[in-house]
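Would you mind keeping the following structure in view while I ask a few things?
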Amino acid sequence: MDRMLTGEEAIRSESVRILESGMGQLLQLPDVEGFREWNRAKSKEMADKRMTEAEAVRRFIKPGDYIGTELYGTVRCPMSLIHEIVRQGVSDLRVAGQGVLDLDMLLAASLIKAIDLTYIGLEVHGLSNCLRREVESGRVESVVEWSNAGIAWRFKAAAMGVPFIPVRSMLGTDTLKFSAAKVIEDPFTGIPIALLPALILDVGLIHVHRADACGNAQIDGISGFAAEMARASKRLIISTEEIVETEVIRRRPDRTIIPYYLVDAVIEAPFGSHPGEMCYRYARDEEQIRGWVQASQTPETAAEFLDKYIHGVTDHQAYLDLFGEARLEALKSGAPGREA
Amino acid sequence: MDRMLTGEEAIRSESVRILESGMGQLLQLPDVEGFREWNRAKSKEMADKRMTEAEAVRRFIKPGDYIGTELYGTVRCPMSLIHEIVRQGVSDLRVAGQGVLDLDMLLAASLIKAIDLTYIGLEVHGLSNCLRREVESGRVESVVEWSNAGIAWRFKAAAMGVPFIPVRSMLGTDTLKFSAAKVIEDPFTGIPIALLPALILDVGLIHVHRADACGNAQIDGISGFAAEMARASKRLIISTEEIVETEVIRRRPDRTIIPYYLVDAVIEAPFGSHPGEMCYRYARDEEQIRGWVQASQTPETAAEFLDKYIHGVTDHQAYLDLFGEARLEALKSGAPGREA
Amino acid sequence: MSDQPEPYNASELLICTTSRLMEDGTTAFIGTGIPMLAASLAQKMHAPNLVTIFEFGGTGAILESLPLAVGGGCTFNRAIAASGIRDIVETAQRGFVEYGFLGGAQIDPYGDLNTTVIGDHDHPKVRLPGSGGGNDVGSNCWRTIAIMPHDRRRFVEQVDFITTPGYLTGPGAREAAGLPRGTGPYRVVTTLALLGYHSESKRMQLLATQPGVSVDQVIESTGFELLIPEQVEANPAPCAEELRILREEVDADGLYI
Amino acid sequence: MSDQPEPYNASELLICTTSRLMEDGTTAFIGTGIPMLAASLAQKMHAPNLVTIFEFGGTGAILESLPLAVGGGCTFNRAIAASGIRDIVETAQRGFVEYGFLGGAQIDPYGDLNTTVIGDHDHPKVRLPGSGGGNDVGSNCWRTIAIMPHDRRRFVEQVDFITTPGYLTGPGAREAAGLPRGTGPYRVVTTLALLGYHSESKRMQLLATQPGVSVDQVIESTGFELLIPEQVEANPAPCAEELRILREEVDADGLYI
């Protein structure tokens, strides 16, 4: 009965207490009104948005932008776009991570200034040396802490068009203390609830199984936080294993996770997640990943790796050519297909 | 700049103002802790849960329960379950509506005591006479107002396991004043935000395209608010056009909207949405709907209708027999199928 | 073709007037009935890139047949996405939906709409259906367009219940309530007139009369003081091409017209 | 078969000890590595109805191969549902997930875990990966099980940073912070011992020693005062059947063991 009495008291009260405010920096303001204006101005035309990685990065990502990648570890990560950002050296980026190889590359190239961080590491291969170097040296100026779901929920708040979302993660911890979340007393039941501020991205990067030229995109298997992040991005760059006719989308509209009007650029990028995996399409290239794990251990070897695989090639196709048909085919046969 | 200064002020403050509290009754408490305990105790076994409508209603719906149906108007509405509730005369129900034929039948049978109401009417056929009679007479004791999305969001809050969800609908209106929502000053930006309390159902009723015997369920086409309501229900009764092998589910896990562990009963109910439609399966039976629109005009004719189509038949199959194969086949051919 | 304008009924007039308000290349939140027919007509006349958004999940459908229910199969026929109600309303909430269409039993000078009760809420004279998606549309779409029969019982000084927000009590009231900035009522389409709102006072004003209707008739059929600008346009009648498409293509089965 | 117990390595010991904690017919939030192997082993040994839940969307997969990534295809191999991260963590948040498995660089007597920094947050000596899903699991699952190498640098009186909540500062602290009632750390599986928490004080206590390990060894390897009950069990060694399944079926390719 106790808790419900507290609820009754809460109902009669005229304010709710803020129990705690995280002291982490709010790297991007939850400006839902500005986001509305932006979304209103976006073209709603079903135009052909196909372009190269180079054009998309040049047109849509500026130094200092707040960007995000959608992925699950090394899986379905937009690596061909990440490579191009490194190639063009877009600097002073602020990022949301969850990240494995993607953010590691950006860190290796010293392109990141601030991080809303949940996890940056190499999964089974251990700590990220690049994260260590960039953060411990102070080159990354601001690190704000969140949980994995916390970042996804923050995207969801932006996707909903509201400035915050209530959750029960992060309470009582230093993770909250070093975040920009707030804790209030729930006005209905009296229990403490964490409010996470909406996270609106300047640019979102998502790799998908198939999309049409306008950006209507579908993903097979688990969908991570693609739906939320797509809807939280002011500009959205989609790379896709395959471009399909719009009619393919129209036959299965219930498979569409990202409608075209969210999308600014569509890049055809087979093996776009390499060396990570893409379910039903290809397995991860463990040899290449181990290569990076080794190379990332010192700044010098990391730079050599970037020189060889990014700066040394002009584009994604040239990158793939470094590996050759046979190896790529082997990765394909390593992934179980999808039964009809 | 003004608004962001307000935001800065908000950041420094130690409480947030409650700007308004709806004076509608909270028909069901947003007891997220009790809901957690309930969900913990639910069996996680992949057991065969097939049963008849009669058994499901008898076992899982008690007088006074708070129930909800998922649907879009007359579309994909769990009518065979509604008929059985009327047949068994489960009384004093509290309901969430959005409702067309479903809630109309329960109102016609005077089984409803309180409503969290967003829309009860007959769509193109106009006002609900049953709603008018039951509410204007005071037989429905409490009517609390919400918007359509408001109810879906309230389910979403319950599905998230949090006591409320922030939205920008309902502000400034009598809809809010006669709801149980609250308005607070957002602690991040200072703008007013409506908080809708989580809505946890005692029993949810959802009709789907296919499910296995354990309750893993898939829906084709739009999915309304099925995902949210399924996750907001303490007990969940699924009726399905078709029972499939679990292997069918396992081949396309990304199509599953309702995982089995949410489900208490699975009822095989072909034409379970009749006289409403089921996309890709059958069209709506406009003749029968017009029959109800006519019959519902007076208590006497409404009672005759219930006698004929509900009390006069033993179960859903006997109900379908009233219409005959030919008519049902015609409804099937009236719905465009789904291309492979 | 004769010089005589083709005859049309009240529904056809409302549909054609509404249709002309729908711009190409923008998004519209579509309810069943008149908005659906107007959108279909607009797509075939001047707005092939009008993106239709239906409350229960259909986006970008090709409007080949007409639904009798808000979630009918035609609302996502060959659509580019079929999701659910939250996805749709959240899309509106974050500013993606330009137009929303509404109806109501009562409307006041600020465009506030009542679809909840006539009389007192707890002891109503007439219990109406409730908000439905109306409040969500009126709160979150940029520009809302009401479609109403025009008489003094419906156009009232004060609605019995504000179900869906117009400009509420006047200038600044929406923003003060927390509703998204820059949103609000835009037009009212009736059988007698096309109406808008004064940019400062936010009160309803006459923009154009429907064919054969006088300004006085509009004033007399309105239960509150209507702003009458110096210039009142005469709304052109539905043209032959609009009526042909409407009757032969949009609603060939005569479900609505 | 000889009477000599079969030899096994540290990973195999951790996997088998963890596996035995997994009850049949319940749900477990599974990370890559040891929890995944333990779940697969449990399904084959005593818990065929253990429902595996992976953070990025896989529910009820048949664990036929082992993932190197948290969202690898095998995490939803023949699963009953493949959704996304919010659906999974919200499922935990509303109480559906019984067990969660965690690791960390440091753990304190109340089971609080650090995976964020060694040293000061803003000027760290070692920057660790961050919370990942750890905080979500530790906040929302009913019973969390930590799996750790056992030494004094890891078992510390005070962690440098509470990434993931254990019992925080002691009895009542989780509830006061607003964390779901009745949740908290349940077991710690190490190479030296199986540990639990005192029901009143919420401090870590020894439950059983691993084969060949003495109570004193455990005490010496722990950087804080460990509660030692009257009765300390001896944890049985991995049995031949467990090791056979682990080596021949669960991780036939030797990815982890």
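To keep things simple, chains are lettered A, B, C and D as they appear, and every chain counts its residues starting from 1.
Please note the rule applied: a residue touches a chain if its C-beta (ideal position, glycine included) is under 8 Å from a C-beta of that chain, and two chains touch if they have at least 3 such contacts.
From a predicted model like this one, the values you see are computed outputs, not experimental measurements.
Counting steps between touching chains, the shortest path from chain A to chain D takes 1. Inter-chain spacing, taken between the CA centroids of chain B and chain C, is 27 Å. The distance from the centre of chain A to the centre of chain B, with each centre set as the mean of the Cα atoms, comes to 34 Å. Per-chain Cα centroids separate chain B from chain D by 39 Å.
Each chain gets a centre from the mean of its Cα atoms; for chain C and chain D, those two points are 58 Å apart. The set of chain A residues touching two or more other chains comprises 32-33, 160-162, 167-168, 191, 193, 221-223, 251, 253-254. Within chain C, contacts with two or more other chains are made by residues 58, 76, 82-83, 90, 93, 140, 180.
Taken chain by chain, the contacts fit none of the simple shapes, being neither an open path, a ring, a star, nor a full set of pairwise contacts. In summary, the structure contains touching chain pairs A-B, A-C, A-D, B-C, B-D. Taken in their complex, chain B has these residues touching chain C: 19, 71-76, 98, 100, 117-121, 123-124, 127-128, 131-132, 135-136, 138, 143, 145-150, 152-153, 156, 167-175, 178, 183, 191-194, 221-228, 276-277, 279-280, 284, 286, 335-336. Contact residues of chain A toward chain C in the complex are 32-33, 35-40, 42-46, 158-162, 216, 231, 246, 249-251, 253-254, 256, 259-261. On the chain D side of its complex with chain B, the touching residues are 25-27, 49, 51, 58-60, 62, 76, 78-83, 90-91, 93-96, 98, 140, 142, 180-182. Per the touch definition, chain A reaches chain B in the complex via residues 3-4, 7, 11, 13-18, 21, 26, 29-33, 157, 160-168, 182, 184, 186-189, 191, 193, 195, 197, 219-223, 251, 253-254, 339.
Interface residues of chain C facing chain B in the complex, by the touch rule stated above, are 32-33, 54-58, 68-73, 75-77, 82-86, 89-90, 93, 112, 116, 121-136, 139-140, 161-165, 168, 173-174, 176-180, 256.
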